[in-house]
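These notes open a run of structures that come right after.
Across the two complexes that follow, subunit A remains constant while its partner is subunit B and subsequently subunit C.
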Partner chain A sequence: MVAMTSPAAGTAADLDRDNVIDVRNLQVEFRTSLGVVRAVNGVSFGVARGKTLGIVGESGCGKSVTAFAIMQLVANPGVITGGEIVLRAREKAPVNLLTYDPNGDDMRSVRGRHVGMIFQEPMTALNPCYTIGNQIAEGILLHRTSDPAKADAMALDILTRVGLPSPSRLMTTYPHQLSGGMRQRAMIALALSCEPDLLLADEPTTALDVTTQAQILDVMRELQDDIGMSIMFVTHNLGVVAQMCDEVAVMYLGRVVEQAPVEELFDSPRHPYTRALMRSIPQLGAARKGRLEVIQGSVPGQFTKVPGCAFHPRCPDMIPGLCDVQSPRLLAANDDALVSCFLHHEPDGSARVSDVPTPGRVSPSSSSAIATPPAS
Partner chain B sequence: MSQSKANATPLLQVRNLKKHFPIKGGLFGRTVGHVKAVDGIDLSVHDGETLGLVGESGCGKSTAGRTMIRLYEPTAGEITFNDPQSGPMRLERAGLADLRRVWTNMQMIFQDPFSSLDPRMSVGRIIGEPLTVHGIATGSELRDRVGELLRRVGLRPEHQSRYPHAFSGGQRQRIGIARALALNPKLVICDEPVSALDVSVQAQVLNLLEDLQDEFNLTFLFIAHDLSVVEHISDRVAVMYVGYVVEVAPTDELFRNPLMPYTEALISAIPPPNPRRRGRPMKLAGEVPSPSNPPTGCYFHPRCAYAADLCKVERPPLREVTPGHFAACHFAEKLSLRGIDGPMPAIDGSTAVPASPQA
Partner chain C sequence: MVTFLIRRLLFMVVTIVFISLISFVLIELPPGSALDAKIQQFRARGLNVTSDVVKGLEERYGVNDPLYKKYWKWASNAVVGDFGQSFFLDQPVNTLIGSRIWFSIGMSTAALLFAWCVAIPVGVYSATHRNTMPDYVITVLQFVGVAIPEFLLAIVLMFIASWYFGVEVGVLFSREYRDAPWSLGKLMDLLSHLWLPVIVIGTHSTSWLTRVMRANLLDVMGQQYVQTARSKGLGERVVIWKHAVRNALHPLIMALGGTLPALISGEVIVSIVLNLPTTGPLYVQALINKDMYLAITFLLFLSVLLVVGNLLADMALAWVDPRVRLE
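On to the complex of A and B.
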C-alpha cells in the first residue's frame, strides 16, 4: 500500500469526488532506435464510480497507450517512466498500481478481477486455439471459484447476458466461427466475467458496422447498470461519446487538454483543439453542403518536440510569446471541468478574465471561414 | 424502369448487374456454390453529381464499384458509359483497347492509402504512370503535369522524387487522388476514400474532393459505410443490402423520408453526436445474411419489423415510389418510417442551446 500523496494541481481528484481510478501525471516512453517517443506525457484524469469517462483524440495521441498502462501491459520498447495510477476497488484497499511488478501476482490479481479490458480487434485479442467457454472460464477460475463446473455455469450466464444467441453452443465454439459482432460480444463477456470495478474499452466498436455498433453499445449500457462498474471508453467517434459517456477527456499529443461533463463539453468546448475537432466531423442533418472546417496543419511527427503548448502550431487563437514558450497546466475551469489552455488561465494559474472566447463560439480570429449564428 | 432524368442521359448506367464469385470445394476444386456479391442492381450516375453508395460491410458495394469499372468481370448485366467524346459504350463486353480508352474518363480512388500505392515507385512515377501508359506526356512535360497535379491536391511539386513511405495517411490519399485525376477523367469511383483517415484529415480530404469536383466538373460514385460522410457529400444516395440496391433517392429525401425499413434501421443506428439526444436506437436484430445463402423473398425480411407473409415469398423489385425516389419494398407506400427529424443542433453549441451557467 502506498501513502496517498496530496493531489497535484489539475487532476480530477481536485474535483472532490469518489473516483474508481485516479491517473496522475502518467508518463510512458517508447525508446526506439530512432529516438524516444513520449507517447503519454503527463496525463491526469479520474473515472468516477459507476460512471463512464470517454477518452477522445486522433490516432497517435496516446489514448490507447494510457489504457494499456493502467493494465501495465505496455509492450516493449514502451516504459512507464513516471506518475501514479491509484485504484480504489471494492474489497481492496486503495493502491498505486505502478508499485506492483507488471509480471507479479499482485498485478495479475488486479487484471480481469478489478480492471477488465476489451480491445478494438476481437480476432487478435481472443485466442484462436481455445473455445469461447474455455477462455471465459479461465478468468473465472483464476479469480472467483476453483470449481470448474461452477466456472462453466458462470461463463454460460455471462454469455447469455451479453445477448448472444444459443450461448450453450457458443461455449464450445472457436473464435473464427463467429462474426465480428458476435466476437466482440464474446470479448465483452470475457472482460465482464469477473464483474470488474473498471472496464477499459479500447475502441470497442471502431471495426464494426453502425448497426452492430448500436447493438454492442446497448449491451454495454445494460451491463454497466447491472454490475455497477465504471467504464473508460477510448474512442474517436464523437457520436459514441455523446451517447455513452458522462464525462469526456480530450487528448492531444500525450496530454489531456480538457476534461468536462459530456453536455458541457458539447455545449461549450473550451480548448481550441476540442472546438476544431468537433467542427471537422460531418453531421447528419446539419445545415449542409458547406465546407467542413479543418484543423490547419497536421499532427507533428512523433520525434518532434514542440515547445510550449503542443497544439500552438495549429491553434487559431495562439498567443505569440506565451503559447509557444510556456506549457499550460491542466487547471479547473469551474467545479467540474478542467482545461489546459492559456486562453482560460494566466501562466500563474489564475483564471483569465479578458480575451476568453465566448464558450461555444469561436473567437473572431478563427471564424473567418464560417459564419456562426449568434447564441440566441 | 428508368432512373434517368427525363431529358438527360446518365453518364454511367448499369442494368441488372451481377457479380458472383464461385466457392471452390471438394476433391477437384469443383464449384460448390456462389457468393452472390452483386445480384442484379440497377443504377445510374448522372453527369456532375455525386452518387453515394452505402451499406454494411459485405453488402457488395465495393464489388459493385469495381465491376462497374471492369476491374472485375461482370457475371451478367449491362454497363453503359456515355463517353462525352466517343458516345455510348457497352463496357461489359468491351475489349482491352476500348476499355483503355474508357478508362481515361473513368478512374478510381481506393480505400487503403497504404496498400494502393506501390512502395517501390516514386510518387512522380505513381502519378505519372497513367500519363505514360496512355502516351500523353513524357519527359519534362510529364514532370510539369505531375508537379501541377501534386500542387492541386495540396502537396508540393518537389515531392515527386519521394516514395510513399515518407507520407502520412492523409498525404498518401492525396497522392491516390492525384493519380486518379491525372487523365482528367469524367467519372471517379471513390471506394471508401476517407474511412482509413482520422477525423481532422478526413475533413481535409472531403473538402479537397469537393473542390476538385467543382474545378474539373467531376462525377463521383462515392462508396462508403459512414452515413454522415455520405450525407455530407452526396447529391443522391443508393442503399445496398446483400448484393441488391434497396433504395435510391436524393440525399435529403432519403435521410428524412426513408421508404425502406432497412434504411430506417441504418439511420436509427447512427449515434447522434449530441448528449441531449439519448434515445435507445431501434434494435436491428440478427446479422447480415450470407450472400452465398440468402433468405427467400425480400432479403431483409428476417430482420424487418414490418415483414408480412408476402415478404417471405416474393422479392420486391426496385420501383419508383414517388418521383425520383426508388425503393424495393412491398409496403413502401403504407409504412411511415422515421428518418432524421429536423436539423440537429450544431454540436459546438453555436446554435440556440442553453449555455452552461458557468464561464
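On to the complex of A and C.
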C-alpha cells in the first residue's frame, strides 16, 4: 500500500468499490459549558451498496452522534466541525452532504428520501398524538406523491411488507396501542416508506426481547433485498453483528480503529481493542467460574485529550515512544480491511513486517452478549 | 365518552353542593349578621330601633335559626333558581348578579384567550431561541409579569391609557351607549373599553403560561419522535408546530384548572380598581357586610365556573391527546 499524503486520508473509499456513503475524517464537537467534547474525532468508513455495515464500540464512543451527523441532525450544542460525507444515491448525483445547509431544502430532500433512520427506543420514536398511518403518509407526501389517497395506499403497502397484522386497522391506530415490537416494525415501515438508499439503524433491537429481535432482523434483511438498500447498523451485540452484517467498523473514542468483513473480524481481529472486545464476550461452554476478561484501564474522561493513539493507555502491545506520541491513520490492511494501529503500519504508512500476535479464533455464533438464535 | 360525561356531570353536582356547604359555614362563622349592619344604618339615620323591632326583624329573616335550617332554606330555593334577597341592597340576588355576571364571564374568558394567544407563540419562540437575547428579555418580562400586583398594573395602565391615549377608563361603555339597547356599535364600544382590564387580568396568567409553555416545549424537543419527524425530512416549522407543540400543550391545558381561579380573583381586584360594573366589587362588598345570600351565590357561581372550566379542560385534553381518550 502506498503511503498516504494527508493524515487520516485512508478510508474504506480506498478499498476501490461502490459505496453508497463515504464518511471521511468526520469531526463533531459538543461545546458545553464545561468544555468541548470531541464526540467524533476523525471517523472514516464507507458502506458498500446493498450491504450492511455494523458499527460497534463502547458506550459513548460516538456511534449515535455519527449516525445523526450523516442526517445533519446533531443535537444542540453539537456542531460538525470537519470532514466529508459523500452520498452516492440512485437518482442523484454524488454529493458531499456537508456542503448542504442543515436547515435547507436540499438536506431535507435527502432525509427520509435517500437516507432513513430508526432508533433504539420504539416506545418513544413515534409521536403519541398521531396515528401510525398519518405519520408514515406524512413522509411519503413529502417525497413521493402529493395525493393523500395515494400516500395512504403506499403507507398501507409498506405496513403490510414489514409483516404487521391487519395493517389497514393499524393505519388508524395510535402508537400507545401497540407493543414494542409492533412499534419498531411501524418505525421501520416509516423509515423505509420512501425506499431510501441507506438506512441508519441505531441499536434498533436493543430494547426488544430475543424473539422479537430476531423477527425484526429478518424483516430488515428481507426489505433490504427488496429495496436494494444499504444499512448502517449500530449495535452493542456482536451476535447480531454476526447475523446481520457483511462488514464491521469498530469505533473507539470517536474514531474507527478497524473496518473489516465480518468473518475476518471475528477470525483475526487486527486492532488490540478489537481483540480485547472479542475476549470480553461470554463464551458458551467456557468454565462457569472463570471470570470474563475485562479490558484493562478505563475510558478517559470526556474532556481529556489523549496524545497519540487514543487506545494506548489501555493497550497491552503499546510501543513506547510511538503510540503515545503519534496518532495512527486508518490504512488498508489488505484488499477489504482497514486498521488504524502502529502494530500494522509504520508511521510512514508502509505495512509493518514484524509479526503481530494473532489470537485464536473467536466463534461468532457463541459470542453474543445476549443469547440470539443462530444466524439463518 | 357519554358515560364519561355523565359521570363527570354527577361528580360536578356533588362538588358544587359540597362547596356551597363549606362556603355557607365559612360566611356564617364570624360573629354578627347583616342585620346588625342594617340596624346600624337605621340608627345612623336617626331612627329609633327598639329591641322589639330587632327581635321582629331577626325572626323574619331567621337570623338565629340553626345553620342547617338556614342552609336548607337557601338551598331548596336555589335549586329552582331563586337565590334569595340581598339584606343590604334590598334587591333580589338574581337581579343584582344577573346584570353583572356576563361581564365577569366575558372578561375572564377574554383574559384567558389573551393569555393563550400570547403565551403559546411567545413560549414557542422562547424555547426555540433558547439562551439568545430575545429569550432573556422574554424571561425577564415573564418574571415581572408574574411578580407585579394586579392593582398596581391596573393603576399604571389606567394612567397611561388616559394620559397618553385619552382613553376613558373606569367604564365599560362610552356615555352615548351607556343606557342604549344592545347594538353592533355598543358591542364595538364595549370591546374598545375591554382591552385594558383584559390585559391587566391576563398578564399574570400569560407570564406564567409562557413559562410553562417554554419548559414543556424544551422537554418535548428532546423527545425521540421530534428527531423522527426531522429524519423524515420535515421542515422545522412543521416539526415544531405539528409534532412538538401539540405534545407540549398537554400540561398547559391541565394548568387551565389553576388559571381560572387566578383569573377570577384578578378580575375582582381589577374591577375594584377600575370601578367596573362586574361581579367583583359587589362580591367584596357582600363579604364585608356579611350579606349572606349575595355572597354565597357569588361563591356558587364561581365554583360552577371552575368546575365547568375543568370539564372543558379535560375534554380539550382528550381531543389533543389520544392517550387520554381511551381511558
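Odds and ends about this structure:
By our rule, the second predicted complex is superposed on the first by the 343 of 376 C-alpha atoms of A that agree within 3 Å, B and C clash if a C-alpha of one lies under 4 Å from a C-alpha of the other, contacts with A are read in each partner's own complex, and residues count from 1 in each chain.
One rule holds in what follows: a contact is a pair of C-beta atoms (placed from the backbone, for glycine too) under 8 Å apart; a residue touches a chain by one contact, two chains touch by 3 or more.
Every value quoted in this text rests on a predicted model; they were computed, and no experiment measured them.
If you put the two complexes together on subunit A, you find that subunit B and subunit C both fit without a clash. In the superposition on chain A, contact is made by A:139 with subunit C only, not with subunit B.
Looking at the shared chain after the overlay, A:333 reaches subunit B, while subunit C stays out of its contact range.
Once the two complexes are laid over each other on the shared chain, residue contacts for A:190 go to subunit C alone; subunit B is not touched. Of the two partner chains placed by the overlay, only subunit B lies in contact with A:238; subunit C stays clear of it. A simple residue count on subunit A separates subunit B from subunit C, and the partner touching more is B.
Of all C-alpha pairs linking subunit B and subunit C after the chain A fit, the shortest spans 8 Å.
Per the touch definition, subunit C reaches subunit A in the complex via residues 222-225, 227-236, 243, 246-247, 320-323, 326.
On the subunit A side of its complex with subunit C, the touching residues are 68, 71, 73, 75, 103, 108-113, 116-117, 119, 121, 124-129, 135, 138-139, 142-143, 174, 176-177, 187, 190-191. Considering their complex, residues 58-59, 179, 181-182, 209-215, 217-218, 236-245, 262-264, 266-270, 275-289, 291-295, 298, 333-335, 337, 356, 359-362, 372-373, 375-376 of subunit A touch subunit B. If you check the complex, the residues on subunit B that touch subunit A are 56-57, 168, 170, 198-204, 206-207, 210, 225-229, 231-233, 255, 265-278, 280-281, 283-284, 287-288, 340, 342-344, 346-356, 358-359.
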